[in-house]
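One structure is given here, and the rest of the page talks about it.
Just so it is clear, A, B, C and D label the chains in written order, and each chain counts residues from 1 on its own.
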Amino acid sequence: MINIALLGCGRIGQMHAANINAHPRAKLAMVFDSHKPSADNLGKSLGVPVAASADSIFASDNVDAVLIASATETHADFIEQSVAAAKPVLCEKPIDLNLKRVNECAAAIAASPVPVQLGFNRRFDPGHRAARDAMRAGDIGQLHQVVITSRDPEIPPRSYLQSAGGLLRDMTIHDFDLARFMLDDEPTEVFAVAGALIDPALGAELNEIDTAMIILRTADGKQCHINNSRTAVYGYDQRIELLGTTGMVQSNNQKRHELKRYNRKATEISEAYQYFFIERYHEAFMAEVSAFVDCIENGTTPEVSFEDGRRALILAEAAYLSVAEKRMVQVSEIDS
Amino acid sequence: MINIALLGCGRIGQMHAANINAHPRAKLAMVFDSHKPSADNLGKSLGVPVAASADSIFASDNVDAVLIASATETHADFIEQSVAAAKPVLCEKPIDLNLKRVNECAAAIAASPVPVQLGFNRRFDPGHRAARDAMRAGDIGQLHQVVITSRDPEIPPRSYLQSAGGLLRDMTIHDFDLARFMLDDEPTEVFAVAGALIDPALGAELNEIDTAMIILRTADGKQCHINNSRTAVYGYDQRIELLGTTGMVQSNNQKRHELKRYNRKATEISEAYQYFFIERYHEAFMAEVSAFVDCIENGTTPEVSFEDGRRALILAEAAYLSVAEKRMVQVSEIDS
Amino acid sequence: MINIALLGCGRIGQMHAANINAHPRAKLAMVFDSHKPSADNLGKSLGVPVAASADSIFASDNVDAVLIASATETHADFIEQSVAAAKPVLCEKPIDLNLKRVNECAAAIAASPVPVQLGFNRRFDPGHRAARDAMRAGDIGQLHQVVITSRDPEIPPRSYLQSAGGLLRDMTIHDFDLARFMLDDEPTEVFAVAGALIDPALGAELNEIDTAMIILRTADGKQCHINNSRTAVYGYDQRIELLGTTGMVQSNNQKRHELKRYNRKATEISEAYQYFFIERYHEAFMAEVSAFVDCIENGTTPEVSFEDGRRALILAEAAYLSVAEKRMVQVSEIDS
Amino acid sequence: MINIALLGCGRIGQMHAANINAHPRAKLAMVFDSHKPSADNLGKSLGVPVAASADSIFASDNVDAVLIASATETHADFIEQSVAAAKPVLCEKPIDLNLKRVNECAAAIAASPVPVQLGFNRRFDPGHRAARDAMRAGDIGQLHQVVITSRDPEIPPRSYLQSAGGLLRDMTIHDFDLARFMLDDEPTEVFAVAGALIDPALGAELNEIDTAMIILRTADGKQCHINNSRTAVYGYDQRIELLGTTGMVQSNNQKRHELKRYNRKATEISEAYQYFFIERYHEAFMAEVSAFVDCIENGTTPEVSFEDGRRALILAEAAYLSVAEKRMVQVSEIDS
C-alpha cells in the first residue's frame, strides 16, 4: 500500500484525493493546503490527517509519495523538496510558467533517481492511447499528419485567467504534450496564430487569447495541427486524428450514453458531450495515479517525465514567439 | 436498344419513364393510361407516342417489352396479354390483391418462356443487396435472425387506402419479399398483430390498420421480425439486420448528405431521412430497370419472378389470417 | 450510513459488495454464502465479518438491510425472512422459477411495509432511462411500438444452464421487465417463437433454447418486440427503440471509447461492444444500490417492486405456453 | 433550351457532357478537342457535331454558351474569345497557373457583361452548402474557426503532376475557394508548410509536394485550417467544420450506402468512402451546370465568378511564398 500525501486541496486536488482512495494499492495519507480551511474540509470528509505545513509532509515517515495539485508557482519548489526528501512526485502541469525556473528545477533534481511524473493525464485516456497504440503497431503505416482538436466548453472566470499564464501555457500545453506523444517524435518548428475572438475584451484587459491555431513540424517533416477554442458550447471537444500511408485512426468524443432522438426535423440527435475534463478524462486521471503507483512499486521510470513537462512549455514559448513575430519559430531558438 | 412501353402514367409510371430513358440501352417507346390526359401529358413532355389502347401496345412492332405501372386490378390481365404477345414484362407489385386471380395468372403464363419480372425494387437497393451478399459470402456465419424495420413517413390519403388492399398486402408485401430474400429460404409459419393506432378511425371506416408486428419462421427455425408503421415522422425508415453465428450486418437508413449540427443541447444532429420510396430507392429503381434490360438482352430469367410476387401475397394472406385468429399460421394453409 | 449484509458471494454478489462499499452512504456489514470458502474469501478481501448463517444476518443489530445474490431457489425464503426481520431487501432476479412459490411469497409479505426491491438493474441504465424519460416527457408523442434487442455474447456453460430455469425465465425476464417499463403499461397478450439454433444439442440435452422472438401487446394495442440470442459475438447487444406519433428514441450500444479506424477496405471501424452485463451495466448496478439506499433513508417505496418481479415471471410463463401452443396467450391465462 | 458547346473532351469534359445532356433545359450543341480523336469519340457516342476548331464554336449561331474543360494553358484565351463572342462561359479551374496572365484576362473581360462562371464545383455540394447555409442563418452564432480536411485517395501519375502546376495551385485551390466561401470573408494572411512525405522522390524530381498544412486568417481574426494529403487510402476525404459562438456544423464524408458490419473484433464497420471527385461530387457538378443555365436564362451574375478564381490563385501564390520563407504572408504582398 502506497501512502500518498496531497499538496493542494482545490477542485483538482479533491479529484485526485478520491482517485487515490479508489486505487486498490494506494491510500491518501495526509493533505495540505496553504488555505487551511480547504485542507480541513477535505481531511475531515475523508478522515485523513491535515498537515500543519508542506515541510511536515516531506518529513513524515507515513508518506511514501506526494501528489502536487497546489498553485502553479509552488510546483517547482515542492518538486525539489519532495525529491530531496526521496519521495516520488506526481505533479500537476505546468511545472512553472517561467522556463528559466523550470530549467533550474531540472538541474536541481537531475542527479536524483527519485521518480517525478508530470500530470499530462490525457496520455492515459483509453481512446487516445488506443489511437497511439494502433499507430505504433503499424495500423496506419508511416505517420504523416496529426490533427488535434481541443476546445473547452467556455471561457474560465477572469480570476482564473489572471494567474493561469495564458492559453498556450495553460490549456494548449496539454495539446503540445499530446502532439509529442502522438508524433512519437520531437517537433522542431512551431507556427501559431491566436486571438481574442469570443471575448475581445480579454485581449485588452488581460492580454489573453481564447482562440488559436498551431502547426508543428518534426525534423523529418511530419505535420501536426492543433486547434483551440474556449467555445465548444456543445461540450468539451477532444479529438485526435492520425493519418498515415495505409490508414487513419481517430480518437473521438465521448458521451454519457448513446441515446438518439429522431423527430420531424432531424435524426440521430445525440447527447451533448461530457462537460469538461473532470468528466471526460475521469478514466485517464485514474490510470495516471495507477501508473504512478506502479512506478513506485516497481522502481520504474514514469511514463510522463519532468522533461516532458519542460518540452511542452518550450513549445508554448515558441508558439507565443510565433504569434508575436508571425513566423515559423525553431524550437532551438527557445531551448538553447 | 430495348424499346419499352409504359402502361400507367401516374406517379410511379412517370418515375419509371424517366429511369427507362436514363438507361443507356433502353428507350421509352410508347405510353398508355386509361386516364388519357395522364398519358398525353407524359407523352408530350417526353416526346413519346401515346397509344390509343393497351392492345395497340401489345400489337406494336416498335415495342420490345412492357412495364406495367397501372392500377393493381389491371396487372394480371396485362401480364397475360403481354406474355401472349411475347413481350417481356416488368410489373409493379402486387400482381393482384386476390390470390385466386394470381394463381390463374400463374397457370396462364406457366408454359411461356417470356420473362416476367416483379417490381420488388428493394432487392436492388445497393445497401440491402450488400447485406445479403455479405451473408451469402459467409461474413456472419450461419444466419439465425432477420429484423426488418419498414416504416412509412405518414398515412396515405383515404382515397389511396380504399383500393390499396390493406397494409399487409400493399406495404408489408415488400417486407415479405425482403424477408424471403434475406432469409434465402422460405418462411413456413407466420404470426402477426396489427392495429389502427395512429388513426383509430381508419379501423372503423376502412377496416384498415396502420401499425403491425410480424414474426416469420422457416422450416429449419430461422426467425424473422418485421415491424411496420405509418408514422416515421423522421423520414422513411428502412433498416435490415441479419444476425448470424459469427457476426451481424445491417443496411441502415440513408440521408441526402452528412451535415451534422452541434449546439448547447445536442450533438451529431443529422438530416431527416430521405422522405419516401421515390427518393430512398432511386438507385434501386434504376437497377431494377437495368436488370430487366439485361434479362431481355441475355435471354436470362429475371431475378425477381412472378412466383416471388405470388409467394409474398401468400405471406400477406397468412398474416391476415394470423391477425384474425391470434395464432401462428402455417403457410401451407394458404398455399394449398 | 446504511449497513447492508450480502447473501451470496458469487460473481454477482462480489460485484454488489464492491458497489455497496463505493456508495457514500452505504457499507457492507456482513457476508454469507452457503459455500463457506466463497464467503471467507470475500470477507477477508474486504475486511468484513462472515456470518455463520443466514439467520444470524437477519438477527443482527448491525445489519440495516439485505442484498440477496444467492442461488435462485433461496430467494423467496430469504425475502420472507428478511421482511419478517424488518430488514429492507434488494433481491436479484428472479424471485423464483416457480410462479406458485412467487405467489406464496407475495402473500407472505403482502401486509408488511418493509421495502422489497427487485434487481432489475437495467431500469437504472442512464441511456435506457433517458429513453423512457424522453417518452414520458412527450418527446415522441403517443407511444406505439417498442423494440428491444437483447443478445448475450455467448452461450453460458451447461452447468449454469441446467439450473437457470430456461432462457425466457432467466435472460428474457430482464427484457419482459424493460418492456413493461418502456410501455409504461401492462402487456395483456404474449406470442413467442424459440429454438436452439446456435447449439441444437441444447434442445435435446436440456430442453433449452438459445434464440427467441417475442411480441407483446397491451390492452390499448401498443406493440412490443423482443429479440434474444446468445450469439452476439460482436459484444453484448442491448438496444431499445421507442416509436411514437411524433418521433423515435433509441438507447444504443456503448463502447469503451470512440476509437475509429480507417483503411483501404473499410471506414469508421469501431471497438467491439462492452463484453457483458458487468461491464455494460456497471452504472446501472451502482444506481440500483443507490436507489435502494434512498428508499431506506427516505422511507419510500422501491421503484422496482416485488410485483414487478412477479409480473415479469408471468410474462415468461405466458411466452413458454405460446411457444408450446403456437398461439397468442392472454396474460390472464397465467395470472388467474 | 440552352445549347452549350464543350471545349476539351478528356475525362472531366466527358463528365460535363453527360451532365449537360441530363439537364432538362440544356443540350450539348457541339464538342471540340485539340486532340481530334477525343472529340470524335465523344461526338459520335453522344450524336453531337464535332467542331473543326475552337473558333468555329465561338462563331456558331447554334452555340448559346461554352463550357471550357480543356488544358489549363488554354483557359484564359478561350475565356477571352468566348466573352468577345458574347457567349457565357463556365470554365474549369484554374484560370491559369500564372497570376499575371490571369490579371490580363481579368482586364480583357472587365468591361463585358457576359457571364463567366468558375468551376469551383464544391460550392454546390449539398452537404457543404447546407453547412454554409446553417452558418449564414446564424445556427452557430458568430463564426470563429473553419477546418477543411481535403485528402486525395492517391498520388496522381507523374505525367499529370508535371503540368498540373503544383499541389497548392491544382488541388488546394479548391480548398482556398471553399475557405473563402465558408469564411464568408477574405483571408488577408496565409501560412503554409508542405513536404513530399508520401513519395519523397516527388520533391527531387518535380519539386512537388504531397502533404500540406495551411492556416488562413481574415482581417477580423477568423482562423481557417486546411490540411491536404494525397494518401487517404480509405477514400476521398472531404470534410468541413465550422465553429462559432453558439455551435458547430460539419459537412462529413459520404458513403455509397449505409452497410455496417459487426464481428468478433470490431463493430460499425462501414464502407470505404467514395473514391474520388467524380463520384463524391456528382451532385455538385450537376448543380454547377444547373446554376450556369439559370444565370444565362435569368441574366443574373454567376455565383462563382472569375474573381473567385483569381483570388484562389492569389492564396495559392501566398502559400507558396510562405512555404519558401517560413513566415506569415500578407495576401496584399501577392495581390498588389
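FYI, contacts are C-beta pairs under 8 Å (C-beta built on N, C-alpha and C of every residue); 3 or more make two chains touch, one makes a residue touch a chain.
Since we're looking at a predicted model, the values are computed, not measured.
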What's the overlap between the neighbours of subunit C and those of subunit D? A, B
Using the stated contact rule, I'd like to know whether A-B or A-C comes out ahead in C-beta pair count. A-C
Considering only mean CA positions as chain centres, point out the chain farthest from subunit C. D
Take the average of all CA coordinates in subunit A, do the same for subunit C, and state the distance between these two points in whole angstrom. 41
Just curious, how far off is subunit B from subunit A if you go by their C-alpha centres, in Å? 58
Mark out which residues of subunit C touch at least two other chains, giving numbers and ranges. 233-234, 246-248, 253, 261-264, 271
Touching residues of subunit B toward subunit A in the complex: what are they? 233-235, 253, 255, 261-273
What residues of subunit B sit close enough to touch subunit C in their complex? 142, 144-145, 147, 149, 151, 189, 191, 193, 195, 197-198, 211-213, 215, 217, 221-223, 225, 227, 229, 231-234, 237, 243-248, 326-328
Show me the residue ranges of subunit B that touch subunit D in the complex, using the header's touch definition. 22, 125-127, 130-131, 134, 139-140, 246-254, 256-264, 271
